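Just below sit the structures, each encoded as structure tokens.
In the two complexes below, chain A is the common chain; its partner is chain B in one and chain C in the other.
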Partner chain A sequence: MNLIANNLTYKPSDQYHLNEVSFNFKEGNLYTILGRTLSGKTTLLKTIAGLLTPDSGAIEFDGKDFLKVPVWQRNVAMVYQQFINYPHLNVFENIAFPLRQRKIDSEEINNKVMDSLKSVGLVGYENRKIQELSGGQQQRVSLARSLVKNAKILLLDEPLVNLDYKLREQLREEFKSLFSKGLADETILIYSTTDPRETMELNGEVIVLDEGKVLQVGPAKEIFENPNSLKVAEISNDPPMNIIEADISNEQIRFEGIEIKAPSHLSKLTKGGLNIGLRSSDIELSENGHEFEVELAEISGSETLLHLKRGKIKIIISIEEVLNFKIHDKIKIDFKIDRAYAFGADGKLESSPFGGLNG
Partner chain B sequence: MNKLYIFLKYFFIVVWTVFVVAPFLWALTTSFKDFQSVNGGVTYIPWVDFEPNLEGWKVLIKSPAKGGVDIVEPYFNSLFVTCTASLISIILGTLSAYALSRYTFKAGFVKNNDITFFFISQRIMPPIVLSIPFFLFLSSINLLDSLTGLIVVYIVLLMPIAVWIMVDFFNKVPREIDETALIDGCNPYQAFLKVVLPNSIPGLIVAGMFCIIFGWIDFFFAFILTFTEVQLLPVKIVALNSSVTPWWSLSASALVSVAPLIIVAFIVERYLSKGNLSGAIK
Partner chain C sequence: MNFKHKYFFLFPGLFVLIGILIFPIIFVVRLSLSGWNSYNPGLDYIGLENYIRLFTDDPRFWESFFRLSFLSVTTVILQYVIGFALAHMVWKDIKFKRFFRVLFLVPMMTTPVIMTVIWRTFFHESLGPVNDMLSVFGVAPKWLTDPVIAKFTVIIVEVWQWTPFMFLLLLAGLLSLPKEPFLAAAIDGASPVRKFIYVTFPLMAPISIGAIIIRLIEASKIMDTVYVLTSGGPGTSTETSSFYIFIKGLREFQMGYAASMSFTYLIIMIISLTIIAKVLTKLLLKE
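== the complex of A and B ==
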């Protein structure tokens, strides 16, 4: 049972929310929609759920025109980024709600709800009021409610984004084990997120979305290794990939007075106005490197993010330890240039260390 | 500083309480007085200051033939008109408010906010401006001086209040709750009845309270649109006045006319403190 979309377009004002989005989702698979805030992720999920009608385009599910099926008959489940539950019902009734709607007999409802509670680790909370639960528990309730339906299409709209760091890590692990247990072989799972790390960990098929347009589709590994454009490279890395304008000639990469011998996958590029892309983790501190000035140093968790400047170039590097720097300190760094990407002036990938295109 | 604050706080509470309660006490004592005790200077304590009697109260239920004024019928008329009009206003108002909050309407330059404002504008106009159209309207459909006519007019007056309060309330109920209900298999009507409405009880109670209060205290339209067949309580009470003002029965009728509102206030207060939307969205 495939979910097929054809040129979905939705433009409520002068900005595209969806711009000719097409895809073919197959049952039993996990699809991750990666995109920044306002890239159209929620719009896409709502369109699949039936809460929004696109201006043009078609959705087909199981061979039927999905746009003609009203929301309440589509048998989809959705978890919102805000923790949406029914405040007037307790935990048990919240989860039982979609089943009661289907007029299933109460013993079966009881069993299903208890199973669902077990799978999200909320056994013993049946009679609590929603307001008495923490954010993470509330999100588990809405997850349980969407699991209990056994829906053919399960939509998760940035389900972890409003949780604190620790809970997010924990729930992400639980999600992974839930998903890997193979929810149901015929379920299509669609997960939207802004977080590249989450995307890689979920390791599904990734759809990169920006300003309503699909930029790249492929397995998580492929997106990470061979982003097909500057935009994708920015969206799929956190912190975003550093982009440095450079020229390559005589097997030398030149920018801001720095000259580095080009690695083999870049040396044959001769176009001018190239953009060299380097991940923040592919730049390291080094005694005999090139001098940069510290603009900002932020410590996040166990790593330090350094915002550096040299002439017109601004880059971010991440160091796997907590270090203290002062603003305007001069430090020396070296580039792991064999990990560098090259993008053309038009933003398209020219060469990747993982063998994309010219490599 | 802290002690001063506490002192001032209680001081103002006491002053305010006296301010609010004193008229009631005054009315209560006056209702048990007769002509002599009312005109014999200010007195408060029954049996000590004056000799209490029940004349002021008895008159209210005695029929006019026996020299009474009989406010029982107007009282039930008022109850009936207020409750019916409020109930219909709440039902219609809640439905329109939900539509105005959730759906987008457009007729030329008229949009949702304009429609909401149109409802409120019914209350902005001075009643005197509305009185003549209402009079002509009711007379044209033969409903002058009837309970039905009054109910129709009161619905026009009360529904804007319900719409206004409920639009604001529904706007605060996250749309995602309705959407989740739709996704969980409810059609739009079920989503409204099973999910939105149960979470809007505080709003419904506030709207209901305002409708009941404004319906119950209206004198103007009841006075203009009724003559002899039907009388509402406020009109009847004002009609008690005569060349010798019967302060005792006026006080007694004032007290019984306030009673329903006090009961409503006590019920509402209990529900209002239980607003339970906090868990919908965090």
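== the complex of A and C ==
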């Protein structure tokens, strides 16, 4: 049973939350909606769930007009970014809640809830009050509640965003294993996130959303290798891809007094006003490279992020080491130019190192 | 902490407390042990004579007490149900929400005695508009002079007057509820009715208990409505404890005896309200 969204538009004020979103969600697949905050991810999920009615467009599921089905009959499950549970019920009853809405005998409810508790690693917490749990545990409870009803459509709206770093890593791992083994074949799983790394790790079909519009659709690898526009390149990389305005002529890339020999996939481009895109990890420190000035150095985990400046150009590079730099230090870097992307002045992808378009 | 001026700061509060609460209670206890009446005004000491009379020789007090229990419990239940329904209605996004919210509060803002006079006119058996309208159906209930119907007339007026208070408390409670559980419940397959039973009502339980207790305390002091509407009549069929105490104390000036009734009444109320609060907590919070 496929879920088909057709030209969904929702514009409550002068800004589009959804702008003609069309998509065919196929059963048994994992979809990741990637977009920055306020890009319309939550709106899309709420529309599918039935908590919002779009201004125009249609949703079809199992051949039926889904918009005409009231929320409580849609058989969807949803996990929100806030940890939403029932404060007046204990853990067991929280998870049993969706089952109690149907006529299911208590022994079966008991079995299902215990199974669900097992799959999220909360066995032994049945009688706890929700308020006594940590954020991560609360989110596990809402995940368990969404799994227990065996819904055909499972929506996860940035489920990890409000957790601390360590819990996020841990839960993400658990999600992956849950999704790979625990889901029935006919389930449609839609997962929204702002985090490109999460998107790549989940490795599903990715929908890149921005200002309510679908920018690109494709497998995670494809989005990563061939972002079809500057915007997708920005959204799908963290830190965002560095964009450098440059000219290419005579097989040379020129910007801010730097001249680099263009690699084969860029050398044929002759248009002026190109934007060269380079991931922060594709720039490295090098003794005989080009000189840049350090504007800011931040250490995140085992990585160092350097914000660099040269003339008008500002870039971010990431180094897999913890290094100490002072502001205004001069350092030398080299570009892995064979991994550079080229975007036209209109923001469209012109050439990619992975063979998109002209490459 | 040893702070030498602390009594200076404690004094105003203590003074007020002693003046308005502790002294009257102690005085009532002392008064109840005296035979103060219009022939013999003064604080003499007659021991427990008043209490013996109350417990062995005054069925009218106990009748009025059970009548009061019936009236106050019935009115509070009705107020709770109607108040909850109204609050739930204007809690949702409906048209003219603000208008209704104010409208439902109007009865509470009127003066009870004056409104009761108006109600008495309403329910007048031959001249009142209620029976005028009911005459279409050929019935003319004796609103104020039938011993059974008169009780319900008192209940109607009380419910009309004080449901807004219940409405206000419950609406405040509803507005303070977290929104998230309702989102979850819809997704989890709860229809609007089940959402009310399984989410709204349990979440409202603590507030409901508070509102019911507050209204029970208020409702058991019912006096002005009865006084104006029926004066306890016909006979003694709408007489409540406070009204009977008023008759004994301030009409017949049996001050000592009225004091013993007041004190007994106070003790019974404290005990019964504590039990009611416990029972409600057990029933509604299920803990």
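Note that the second predicted complex is superposed on the first by the 358 of 359 C-alpha atoms of A that agree within 3 Å, B and C clash if a C-alpha of one lies under 4 Å from a C-alpha of the other, contacts with A are read in each partner's own complex, and residues count from 1 in each chain.
Here is the rule we go by: a contact is a pair of C-beta atoms (placed from the backbone, for glycine too) under 8 Å apart; a residue touches a chain by one contact, two chains touch by 3 or more.
Computed from a prediction, not measured in an experiment: that's the story for all the values here.
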| item | value |
| --- | --- |
| Overlay on chain A: chain C relative to chain B, clash or fit | clash |
| Touching partner for A:N162 - first (chain B), second (chain C), both, neither | first |
| Touching partner for A:Q101 - first (chain B), second (chain C), both, neither | both |
| Touched partner set for A:K129, first chain B, second chain C, both or neither | first |
| Dominant toucher of chain A (residue count), chain B or chain C | B |
| Touched partner set for A:Q138, first chain B, second chain C, both or neither | first |
| Partner chain(s) touched by A:A49 [first = chain B, second = chain C, both, neither] | both |
| Overlap of chain C and chain B interfaces on chain A (superposed complexes) | 49-51, 70-73, 76-78, 80, 82, 84-88, 97-98, 101-102, 142, 145, 149 |
| Complex contacts: residues of chain B adjacent to chain A | 174, 176-177, 179-187, 190, 195, 198-199, 276-282 |
| Residue numbers on chain A that touch chain C, as the complex places them | 49-51, 70-73, 75-78, 80, 82, 84-89, 97-98, 100-102, 142, 145, 149 |
| Complex contact set, residues of chain C against chain A | 178, 180-181, 183-192, 194-195, 198-199, 202-203, 205 |
| Chain A - residues contacting chain B, complex | 46, 49-51, 70-74, 76-78, 80, 82-88, 97-98, 101-102, 129-133, 135, 138, 142, 145, 149, 162 |
